[in-house]
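The data blocks that follow each hold one structure.
Next come two complexes built around chain A: one with chain B, the other with chain C.
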Partner chain A sequence: MAEWIDACATDDIDEEDLIRFDHGDRTFAIYRSPNDEFFCTDGLCTHEQVHLEDGLVMDYVIECPKHNGQFDYRTGEAKRAPVCANLGTYPVKVEGDRVFVEI
Partner chain B sequence: MSSSKSRMAGIVIIGAGECGIRAAFAARDAGYEGAITVVGDEQTLPYERPPLSKPDASGAVEKPITSPEILSEKAIDLKCGVSATAIVRNAHEVSLSDGGLLAYDRLLLATGARSRTLTCPGGDRAQVLRTIKDANAIYAAAENATKVVIVGAGLIGLELAAELRTRGLHITVVEAGPRPLGRNVPERLATRLAAKHQEEGVSILCGVHIASCTDRGVELEDGRFLQADLVIAAVGVVPNDELARSTGLTVENGIRVDGQLMTDDPLIYAAGDCAAVRTSEGNYRRYETWQNAQAQGEVAGRNLGGGDASFDVPVWFWSDQYDLGLQGVGDTSGNPTVIRVLGDGAEILFFLDDIGALAGAAGLGRGNAVAKDIKIAQRLIGARVDAGLLSDPAHNLKKLLRAA
Partner chain C sequence: MTKRDYSLLGPDSERAVETGLATAEWYHTDIPRKEMKALMQRSDQPAIRDAIILFGSMIVLAGIGIALWPSWSSAPFWLAYGVLYGSAMDSRWHECGHGTAFKTPWMNNVVYQIASFCMIRNPVSWRWSHARHHTDTIIVGRDPEIVAMRPPALFRIFLNFFGIFDALNGWKRMLLNAVGNLDPEEATFIPEQEQHKVIGVARVWVLIYLATIVLAVAMQSILPLMVIGSPRLYGAWHHVMTGIMQHAGLAEDVLDHRLNSRTVYINPISRFVYWNMNYHVEHHMFPMVPYHRLPELHEKIKHDLPAPNTSILDAYREIWPALKRQLRYEDFFVKRELPGSARPYREDLHEQALSVPAE
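Up next, the complex of A and B:
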């Protein structure tokens, strides 16, 4: 059952960047947009299960560090080959200086 | 032939690898509504080749590029196990190995390349790596082998060396050139990779030539004999340009095309490993990377569908060996202008041209440590950049991107 988890501080993530967040045996990516919004997706690229943590965030797009597949991290939508399956996304809320994800 | 009939013939793509399939998708995504037929000589669904040098415990990983459902949804007709035997240009037709004829309005040659083989006596004993069949043959042979000789210290040779060494085999890599990875990896990074191989127990011999291959191993021209129960030739590829040549298109180490990937015949395009593309300096260059196959496939696909796209993406590549990840983009020949040293042994080499614009970059580090900076470098190619800021690991390269 999904529950709200205190994942990190807002300052742990640079603007237009992401960090990896591991919880239990699952791994996620938490993003901070150029407009200071926060988002959360699955951590692994749907193409070859490479972790997105070393990927490049440009605007609202995360590019996989290995094979350049791209996703819109707000919706998880696959945007560029070789990826064709979408990423799962998870609700995020900010309380004070903490980021919570519902996973 | 009436024009209405010829319009109905649609697009024909010869070659169902990465490039051909991307081209078919790109034509469809650009709004092309006619028939699209892709002809491929392998029996299986189109698959990715990069994983072939990165097998799992059960052998080569066959990772399809697409599925029958996606092809059907996009109304792309894929003919597997069929090759094109001739192009009849005045009839706008391709003859196929199954006896069929395919009419085209526009034709794409995405015929790829094949592995170069060893020309010495016994050279046909060496396995090559290009197809899923090749990969499975190599990994099956490796099961019963103890000593392996790999001819060629390029990316494929060294990736296989790393993979087979990790399985505990005794590996010797022999290279005719003066250093490993001499063709496309900056010397500083090539030296580090070679050192890693040596540390793992792989011997790399440079400046040596093969005299013959026997069932016991490889004889070198200097008289040495290297015992091996598996010999692999990783000595590059030859473009599959014979079909183009036989129909009178200009071919010289690849099918010559302009910046829109059009051959001398305005109805015929070529893209991917088989294409030699005219550069802005008026030379012709052939690129052999996976990303190039995708990028050129997309350009060709749009143009087949009536577009006017140009190929100008800087070519990018990667290689994984042991725990190290190498990535490069653009022109990384000559000496690096500036080096950006990141933590944990990761570093990025930047190559600036004589007006201070970024020409290329290459990086090596553990895992994907260099990926982000190389991606930013890819977007900075052609822009003037401050060498001092590139060398400062505390300076986020994204700031240069915003300034460029």
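Up next, the complex of A and C:
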């Protein structure tokens, strides 16, 4: 059953950037948009399982560091080859200066 | 001596998967996230400037070539046009394929489509082929883009300086795709849902070539083919010359781009044609950094890389003896020395590959 997990502080992520968040045996990416919103997706690219933590955030797009595949991190939608399968996304809420992810 | 099978469907392909060389984790030089983020930032301006210079020069050179045709005085203009068509388009295909040249996606796509046509590389197939090249760089049986296999096919490489093998292969593949078929090796790296696009593009290209040939027949002249198609042959030499420098003579089956890729300092004209891909170790280690930021990236990480070759000639002084030696002894390769400031090669990861005598 999904529960809200305290993932990080809001200041841990720069604007238009992401960090890696590991929980149990799973890994995620948490994003801070240019408009100061927070989002969470699976951490690994659906193409070849490379972690997105070293990728580039441009507006609402995350680009995989290995093959430049792109996803919309709000919806997980695959936007550019070589990625074809969408990323999983997870609800996020901010309470005070903490970011919570529902996993 | 080990016999290699470079096909993507052979025993070396299975071996690469079994030994963990396929889709493995590669060595990266450490760079603080903030610095890397700055280096990865996209910009339209440098690529728009370069595109204006490139396409403007092509129009002018072809225009003069047509005006002077059929005089031999048109030859220098065709030769220059050919290098832009048959070589500069190789690097444009490459950078726009990565999506890093321009910030604006449609600009990358437009130049990618034009460059793919000039280079006779199906834009769909080759996007996937190049993704595999980055996943499994110079892994035997996995990388579809190994130019200098062992033993090196020197005659084939020589023919490719005139585009002969690659262009014929490109046209043959185009016709195969246009009638609705894929090469069995292509099918290993192109997802099923993308395969119909390969066929669609090939059919459009066939129509363009047919129109060019019909025009040539109507004009009773090869002039239309001087503009479209044949520059892929007479202008290919520069991209082959620079392309060979990327990996030839270096290690295979390793997980560290410092061992299998080469950075070379080259002249400014070749850098324009090659779009800075002479910084090849840097490009493979960090493919998200746009071509125009590679010199900066090089400055930041060169302490961790083998010393670059100082010129194209210097690179070939290393490559040519290595290729000749590989004709007799396939296991030979050049192991590039790291400076004292570098993190050493992971011998444990490369025990098999590095255990054979090198230079």
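Convention: the second predicted complex is superposed on the first by the 103 of 103 C-alpha atoms of A that agree within 3 Å, B and C clash if a C-alpha of one lies under 4 Å from a C-alpha of the other, contacts with A are read in each partner's own complex, and residues count from 1 in each chain.
The rule is simple: a residue touches a chain if its C-beta (ideal position, glycine included) is under 8 Å from a C-beta of that chain, and two chains touch if they have at least 3 such contacts.
The shown structure was predicted, so the numbers you read here are calculated from the model rather than taken from an experiment.
S.K.: Name the contact category of A:Val94: first (chain B only), second (chain C only), both, or neither.
M.R.: neither
S.K.: First (chain B), second (chain C), both or neither: which does A:Ala9 touch?
M.R.: Neither partner.
S.K.: Could you look at A:Gln49 and tell me whether it touches chain B, chain C, both or neither (first, second, both, neither)?
M.R.: second
S.K.: Go through the superposed model and pick first if A:Pro82 touches only chain B, second if only chain C, both, or neither.
M.R.: Touch status of A:Pro82: both partners.
S.K.: Chain A residues touched by both chain B and chain C?
M.R.: 14, 48, 54-56, 63, 65-68, 81-82, 84
S.K.: Which of the residues in chain B end up touching chain A in this complex?
M.R.: 22, 25, 48, 50-51, 63, 65, 70, 291, 294, 316, 318, 367-369, 371-372, 375-376, 396, 398
S.K.: Which stretch or stretches of chain A touch chain C in the complex?
M.R.: Chain A reaches chain C through residues 14, 17, 47-49, 54-56, 58, 63, 65-68, 70, 80-82, 84.
S.K.: Spell out the residues on chain C that touch chain A in their complex, using ranges where they run on.
M.R.: Counting only chain C, the residues touching chain A are 23, 33-34, 36-37, 40-42, 98-100, 105, 127-128, 131, 134-135, 191, 193-194, 286-288.
S.K.: Would you mind writing out the residues of chain A in touch with chain B in their complex?
M.R.: Counting only chain A, the residues touching chain B are 14, 16, 48, 50-51, 54-56, 63, 65-68, 81-82, 84.
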